[in-house]
Each structure stands twice: as structure tokens, then as C-alpha cells.
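Multiple structures follow.
In the two assemblies presented below, subunit A is common to both, partnered first by subunit B and then by subunit C.
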Partner chain A sequence: MNLFAPTLGADSVIEDALFLLIDAGIILISLATVMCLYRIIKGPTLVDRGLASDTVAVQIAGLILLLSIRFETLVTFDAVLIVSILGFVSTLAFAQFIGRRGAAQ
Partner chain B sequence: MNSVIFQVAARVLLPVMLLLSVVFLLRGHNEPGGGFIGGLVAASGYILYALAVNLPESRRLLHVHPRTLISTGLLIAILSGVPALLVDQPFMKGKWIEVTIAGFEGVKFGTPFVFDVGVYLVVLGVTLLMAFTLEERYQ
Partner chain C sequence: MTLNTVLSLGAEAAATGSSDALSISGIRDALAVVALAIGLFFMFVGVLGVLRLPDAYSRMHAASKCTTLGLTGMLIAAGLHLWTLDVVAKSATVIIFTFVATPIGTHLLAKAAHHGKLPQWDKTLSDELADDKADPDMAATDDEIGIPCVDTEERSSRARRLRMSA
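Moving on to the complex of A and B:
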């Protein structure tokens, strides 16, 4: 399956440029994820870690989307849904944990 | 958590996530999905409700204790291996039959699906048992 074949043609220059941009996006998001992982490990406070883990969930969702465009497949779209839901719930749990710790002290 | 928006959102999200988990469960085996991820989505729905409203309300909505879910799931998973024994084949060999469900003819129904239902219940029970126990310490 080729997402852009009907409008642009199989060996279009635009499609090459698009794939180049997608590759660049994959590399950039990977770098950003590594930086967030550094923040999770190093993070001076709990809030830094919570924010970084939330950002990692969003980045992984974006990475899966870019990879599914790159490999021209639709089967990974549900993984994006799962990662989004779990990231949302885990961020909420983290926020509540921080709030209770603050209230206890 | 004392947020009205979050409480209302959780009340809407729980049934949607339970439905989604059943969708993941039903289309496993051939497409992405299956019992494990379905159970995880259902459990996160209940955890979300426990975070938004409160823990006893979420337990009441589950109706049974998570331990009951674990034992029932394990029993279903073990029973899914029995049909192969009845026709002198190795334990847990997949057996398939074609059934008619809601007007759709030739729907394939087999022991791997029964095993997946067991996995779904076990994952739901284990995740909720852990999350509820951790949550209880703060109540």
C-alpha cells in the first residue's frame, strides 16, 4: 500500500522529499527521547521525572506514527492509541502521587 | 481528585475503554490485539475511575474481587486445552469450529480464543489487584 501513489505517482520527487523529512523526524524524536530518558534518570525533583515520562509517552506515539508512514503499514495505528491511553493514565497517577506526597509533608 | 471535569470524563471513558478492550480481545490472533493488551486497557479504565472518583466506587463497579478474576481466568485458560484431549491429541492443540453468530455465517471460533479470554481475565485481575492495593495505602 502506498499512501501517496494515487495523487503523486510512484517515483515522485515530492514523495522522496516526504520520506526524507519523515526520516529526519524519526531521528529527531529519537534524540529527544534519549534526552528525556536522561532527565528521568538524573531529574533533581519528582516533577521533572513526571514531566519527562509524559513527554516520552507522547514522543513514542509520534514515533510509531512516523514509522507506520515510513514502512507504509496500518497495523501499528492501534499501538498509538494504546500508548496514548496508558501515557494519559500514568501521568494522572503520577500527578496524584506528587500531590499526596506534597499534602503529607 | 477534586476535579469535576476529570470526574465526568472518567465516567464517560470507562465504558469506552471497556468496549475498546473487548474489540482488542476479539480481533486478536490475526490482527494486532489479544487478551493481554485487552486486559491492560480494561484495567486502565478502572484505574482511571479509581483515580477520578474514588477507590470503593471503582471496586463496586467491578462487582467481583480481582482475585476471583485471576482464578476464573486461569480456570478458563486450562479448560481451553481440554477439547484436544477429547479427540486424542496433545493438550492445548488448537481446535476450530465454524459457528453462526448474529447472522454472520462461518465465524471461526476456537480454543485459542478461549485461552485469550482467560489471559484477558488474568491480566485484568492481576493489574487491578496491584493497583487497588497500592491505592488503598493512601485511603
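Moving on to the complex of A and C:
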């Protein structure tokens, strides 16, 4: 979507739709992250908190992905893999912690 | 209209400058729009499940399935839109990693929650892991299913019992 040299035709319509969807997705994922933070704060048990923090990690990976498409930079693309790995490892550590503790309340 | 017709129309449009048909990058962008819409839908539905479902086990079900599919859809969209070798390779790596890692993490979390006697929803129909633990023929001890045990004395006595029974 280049505002200074507009192109006409089907291609630019599709590309505009893609970028509109990316913008909507950035807003949607930010909203979803806030909803997961609510679950982390409210969550009645420890398991809910660990689960919601894992979901937040996945969403931050998706947000980084969408932002790197939106601003057309590939520098942050590697961060998606890093954030996914960190989320996985933190979930494993959380499960070990709950298992050692013996009580999931 | 077959794909060849679309492609020839696109090439013609690129040659003449008028573009009523999609070029190849336009087709890839259209597929990326579809993949991104699917991914965002699943991501948001997963978060709605985490927010609204009644107990932790069903929340795990919503979170793991939907976020896996959501991230996969977004990565497919990124690979289709950018379409360079490194982006496609990194996207494939992250997709494979997510498909392996998220079910493993959620499975471990669910096992730890069950081991910690997390109460289930009132309307849960069956609890087969508890049935298997109660069944002496199955003899599924916590050591066998991989939950770490804090009490070393209990662990050693349990190991002794296992060795005697074997």
C-alpha cells in the first residue's frame, strides 16, 4: 500500500485487503493479550495462570510476525522462533513446578 | 477459468500495464489473506476459550489447539506474502516446532494438574486417568507416568515395591 504512487487493478486491491487484515489482526491480538492477562490475574488456580502465560507467549509471537510484515522488516522475524521456544520452555518449567509442588491449587 | 488462463491474463496485464487480472504475486497475496483470516479466527477463538470455559482442563484444550492453528495460519500467510527462501524456511521451522511443542507442553501441564488433584468441572463425564490409577491391575504409579516425586523416602519405598512386584 504505497500512498504516493498508487497502482490500480486487482493486485493492489488484494494487497490493500491484506494490509487491512494485518492492521485488524494487530488490534485483535492486542485485545486477546489483554484478555489473557485478565485470566492470569483472575485465574483461580496456578494451572490457569501457567496456561494463560503460554497463550500470551504464542500471541506475542504472532504479533511480532504481523508487525514484521506490516513494517516490511525481516530483522524481527527470528524473534518469532525465539519467543515460541521461550514459551515452550516456560510451560515445561511451570508443569515441573506444579508437579513437584504436588498441589495445583 | 483455469489457472493457466489467470496466469496468461496476468502476464498480459503486466505487459500492457492494464491490470484487471491477478498476477502471480496477487494470487499469493489472495491465498495469504485467506490463511491470515483463518489464523486470526482460530487465535481469537482460542483466547475466548481461555477466558470463558469452565475449568482448567477445558481451557487447556481450547488454548493448545486454537493457538497452534492460529500461529500456523499467520506463518503461512507471512511465507506466502513475502515469498523469499529465508522467510519460507523460518516459517516452516516455526510451524513444525509449534506442532510438536504445544501439545507436549499442554500434555505435561494437564498431567501435573491431574497429579495435583485439580478439581474438574461438575459436568465432566469421565476421568480415565484416575480410574487407571485406582485400578491395581493397571498399576500406573506416578513414577511410571513421569511426575517427579518430592519425598525421596516415598520414592525409594515405591521403587522397592515395584521391584518386588516385578
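The working rule: the second predicted complex is superposed on the first by the 91 of 105 C-alpha atoms of A that agree within 3 Å, B and C clash if a C-alpha of one lies under 4 Å from a C-alpha of the other, contacts with A are read in each partner's own complex, and residues count from 1 in each chain.
Criterion: a contact is a pair of C-beta atoms (placed from the backbone, for glycine too) under 8 Å apart; a residue touches a chain by one contact, two chains touch by 3 or more.
All of these numbers come straight from a predicted model, not from anything done at the bench.
Residue contacts after overlaying the shared chain place A:A93 against subunit B, while subunit C stays out of touching range. By the document's definition of touching, of the two partners only subunit B reaches A:V75; subunit C does not. Residue contacts after overlaying the shared chain place A:I85 against subunit B and subunit C alike. Of the two partner chains, subunit C is the only one touched by A:D54; subunit B is not.
Using the contact criterion defined above for the overlaid structures, shared-chain residue A:L67 touches neither subunit B nor subunit C, since it reaches no partner. Legend: residue contacts after superposition of the two complexes on their common chain; A:G25 is shown touching subunit C, with no touch to subunit B. Touch criterion met: A:G102 reaches subunit C, while subunit B stays clear of it. The partner that reaches more residues of subunit A, of the two candidates subunit B and subunit C, is C. 78, 81, 85, 92, 96, 99-100 are the residues of subunit A that lie in the contact sets of both subunit B and subunit C, per the superposition on chain A.
Residues 75-76, 78-79, 81-82, 85-86, 89, 92-93, 96, 99-100 of subunit A are the ones touching subunit B in the complex. In the complex of the two chains, the subunit B residues touching subunit A come out as 1, 6, 17, 20, 24, 31-33, 37, 40-41, 44, 47-48, 51, 138. Looking at the complex, you find that subunit A touches subunit C at residues 7-11, 14-15, 17-18, 21-22, 24-25, 28-29, 32, 35-36, 38-39, 45, 47-48, 50-52, 54-55, 58-59, 61-62, 65-66, 68-69, 74, 77-78, 80-81, 84-85, 87-88, 91-92, 94-96, 98-105. Remark: subunit C residues 13, 18-23, 25-26, 29-30, 32-33, 36-37, 39-40, 43-44, 46-48, 50-51, 56, 59-60, 63, 67, 70-71, 74-75, 77-78, 81-82, 86-87, 90, 93-94, 97-98, 101-102, 104-106, 108-109, 111-113, 115-118, 147-148, 150 touch subunit A in the complex.
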